[in-house]
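Should a chain be cited, it is by its letter among A, B and C, assigned in written order, with residues numbered from 1 in that chain.
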C-alpha cells in the first residue's frame, strides 16, 4: 500500500459504532481530571454567532465576552476563536485585536452551499483578505449524494487554494449525509483534498453533531494519519451545549487519537452556550456549590 | 352544619397524552341508575377522533420501535398503578351498577390480565415466527409486525375488564390505539386513562374518547389513516357498517361479540395476532 | 522509500482521576449463612469458609459451608415445598412471585452491582450495566412463561420435573443464578442452588430478596461450598434434575455420576470460540468486537472469542489496530468506574493463566501485552495476545479462561470454516463481514450453539444459549430454556 494514498472505507457498522460511543461515554471524569478537562474544553471553543440578524453590536459584544469569559474567576483560559459570517470579519478582527483569539469565518454560501463555484471562491478570498485566520466551508451535499465525488473533492481543493495561509475547515453537514458510511467517505475525500479540519455540521440542520458521527470522523482522521503522516483536526458543531457532553467528546478524542489531538490546534467545539455551562461547572468544582445562570454574563 | 363540600371530578378526554375537553364542547349527561350522581361526560366529535388519530399516527413509529422488553415493563407498570388505585375503581364500578363483590373481582382480574399480557410482550414473537425451509439457497424468516393505528369501540357492559382486554393485546403488539368508551359505563375508561398517563405510556399511544357510537362509528370505520378497526358488540347493523366501510382502505375489521370477559378464552396470544401483520424476508446463503 | 510507523500517544498528560463507586450503602451479612426453608441458618456442623476480594486479597465475609447433611436438609426442604405448596399453586400466582424478584433486583440494583465486583473482581461498570440488569430481565422474561406453558410446546402438556439441583460458576455469579432459577421456578420446580465458592455473596443477596418477596419457604434454597458440596448435590437421590455450568471436566464427571439414576441434566461447559474477520468487515468496529470478545470480563467467559482468525490480506492492519486499542484498556480497581479489566477471580485461576502464557511462549508464539501497570496486591493479568500460533499449539487448543487471545490468519472461506470447527468445543463463534450471504453461509457451517455476526458476547433472556459437542448440552434462555425443566406429556 502506497504511503499518501488514502483508502476509502465504505462500510461502517452503525450499531457497533453506537456501542463504542456508549462505552466511551461511560467514562467517569471526576475531581482533578474534570477540572483539567473543563479548562481544555474552554480553550477549544469557537464561540459562534451565525444568525441573519447579527449586527456589528452583537459581534462586538460577543468578542468582548470571548476575551472576558468570567473575570470574577481568575486564570480562566480564552476561547480559541470567534466564528462569524463574512461581513462581520472586519468587526471581529478589530474587536479581538491583541487578544490572541482567532477569527474564523464561514464561507462558500454557508449553510446551504447552493451557489456557483466562482461565487464561493470569491467569498473565500474576501474573508481571507479581511483578515480571517480560519475559513469554515460547506461541501456540496447534493453533488455528493449524486455520487459526483470528484466534483466535491475538486471544490474543496480549490477552496483550500483560495484560503492561502488561512486554515480550512470542511463542513460535511452529517445530518444531510444521514449514514455513517457517507460520513466516513466524505471525511476521507475532504482530507485527501486538503482540509486542515473536518467539521460535522453547520448547526442549521438537525441533527447536528452526534456522538457516532464524531467517532467515525475521528477514526477517519486516525487512518489518514497512519497512511499519510498528516494530522487533521476535528470540530463537532451544533448540539454541544452542555459541559458534560463536551468532556465526553474529549474522552473520545483521547482514546481514539491521543495526546496531540487534545489541543485547540487539532480539536475545536463549535458552540455558543457551551462556554457558560463549562464555566459554571468550573466554578462549581471550585466552590463545591451548584451554580445559577444569573451569575454568568450572557454577552 | 359543618358538612364538607367535596370537589366533583371533571371527566375529560385523553388525547396525545393530555386530558382535553371535547373541541365541540358538547356533553352527555350520565346518571347512575339510582339517580344519585350526575356526571357530564364529554360528547366527542369527529374532530376529536381526527385529532386522536393524528396523535396515534405520530406515536406509532416510536412505540413499535421500542424493545418488547420495554413494552412489557410498561404494561407491568400499568398493572402496578391499577392495583394501587383499587378504591377509586371500586367506587366507580359500583356507581356504574356493579355489586361490591363483582367489582372487586373485576379489578383483580383486570390487574391479572395486564400482568398476563405483560408476560407475552417478549414471547409472542417467538411463538408466531418461523424460519421457513424454502427449496432454494435462501435464509427465509417470517415474523409479526404491528399493524399500525387501530380504532376500537370498548365493550358496553364490562367497562374495566373488557376495556383492558381490548387495549392490552393491541398496544403490546406495538400498535397505537384510539378507543371509544362504553356509552353506558364511561367513567372507568377515563380513570383508566389516568392510570395509563402515570405509567410511562408515551403520549399518543393510547387515546380514549367518550361519546355516542351512533355519531362516531361512521368516522371510526372510514378514516383512511386507520389500519384496523376493532368493534365490540353484537349489533348486526353496526357490524355490517364497520365491515363494509373497512373496504375503503382495506382496514382489518375485527369483531368481538358481547361475551363474558372473565372467561379464560378472553385472554391469549391469538388476541395479539389480530393486530399484527406477517413480514417474510429472504436472503441468499453463500459466499 | 522508508515508510515510518506513525504512532499515537495514549499516555496523555490528561489522566483520569479515580472514580470509585461508594460502598457505604451496602450490607453484607456476617457471617453469611445457608438459605434453607426460607431461613438463614448455619451448617449442621457450623463450618465456615472465607470469601475474599480478589482485588486486594482481603476477606469480605465468613460463609457457611454446606456439607452432606446440609445438602440433605436443603433437598428435603425443596421436596416438601414442591409437594405441598409450589406444585399446587396456580401458575399465574407462581409467576407473580418471580415478577416480584425481578422488581426487587431492580430496586436494589446498585447494592448487587457493588457486591458482585467486590466478591468476584469484575469491573463495577460491567456489573452495574450488564450483570444486574440482565439478571432482572431474566426473571422478568421467565415470570411471564409461568402461566403460558401450553403455548411453548405444541401438542404437549408441560409438567415440572420436581426438585432441581443447580451448580453455577464464578464468572457471572448473579447472572448465572438468574439463568438457573428463573426458568426452573417458572415451570413449577423447586430448587437447591450452589453458587461457586469464590463468589457466594450476590446469590445470598438474592436469597434476601427471595425472603423479602415472601416466596414460600423451601421453594428456593441456596447453599454454599466447594466441589464436595456440589458432588453431594449431584449424587443426592431425591434431586430430579441437575443443571451445571462450569468446566468440561466436571461436566463429564456429572454425566457419569447420574448414569442409572434417571436424573435429567443440562451442562453448559467450556469453549474455545473462533472469531472470524473477513477482509470486507467494518474494521474499527470489528477490532472493538475482538476486544469485547476476549477481554470483556477478564476473559472469564465460556463463549469468549479466544481464537481470532483474520483474513491474511488485512491481518497486518487489524493486528496493528488491535494492539493500539489495547493501549487504552484500563486495568485496575474493580470499584473504579473507569476500569475496563478487573481482577482475576482467584489465585488458582491466575496461576492457570500464567501457566498458559508461559506455554504459549515456549511453544514459539509471539507475545504482546498491554502496557498497563498492575497493582501489587490482588490477582491481575494484563490483556495478552499471541501471534505466530496455529491450530497445533496448546494455547490455541485449550481453554485458558483469561484475557489471552490467540491469532491466526486464513486465506479462504473453506479453510477458516474447517479450522473454526477443528476443536472438541462448540459453544460460540463470531463472523465479521459486510456481506449478508456470507453471514448466513458461515452461520450454517460453523458447528457452535451461538453465532454472533458482526457482534460478540451479546445475551438476552429470550435468546437460547448453549453448546454443541463438548461445550455442553441443553439450552438456557428463550423457549428452549424451558425444556430442561419440564416433562412433556
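Things worth noting here:
One rule holds in what follows: contacts are C-beta pairs under 8 Å (C-beta built on N, C-alpha and C of every residue); 3 or more make two chains touch, one makes a residue touch a chain.
Note that the coordinates shown come from a computational prediction; the quantities given were computed from them, not determined experimentally.
Taken as a graph of touching chains, this assembly forms an open line, each chain in contact only with its neighbours along the path. Here A-C and B-C are compared, and the pair linked by more C-beta contacts is A-C. Distance between chain A and chain B, defined via averaged C-alpha coordinates, is recorded as 49 Å.
Mean C-alpha positions place chain A and chain C at a centre distance of 43 Å. If you average the Cα atoms of chain B and of chain C, the two centres end up 41 Å apart.
Contacts with at least two other chains are made by no residue of chain C.
Shared interface positions of chain A, i.e. residues touching 2 or more other chains, are not present. Residues 1, 3-4, 6, 8-19, 125, 129, 280-285, 288-289, 328, 337-338, 434, 454-455 of chain C are the ones touching chain A in the complex.
Contact residues of chain C toward chain B in the complex are 92, 95-96, 99, 137, 140-141, 143-148, 151-152, 413, 435-438, 440-441, 444, 461-462, 478-479. Chain contact summary for the complex, chain B toward chain C: residues 68-69, 72-73, 76, 112, 115-116, 118-123, 126-127, 139, 269, 283-287. Of all residues in chain A, only 3, 9, 11-13, 15-17, 19-20, 26-34, 36-37, 40, 219, 222, 225-226, 229, 250, 254-255, 257-260, 262 touch chain C in the complex they form.
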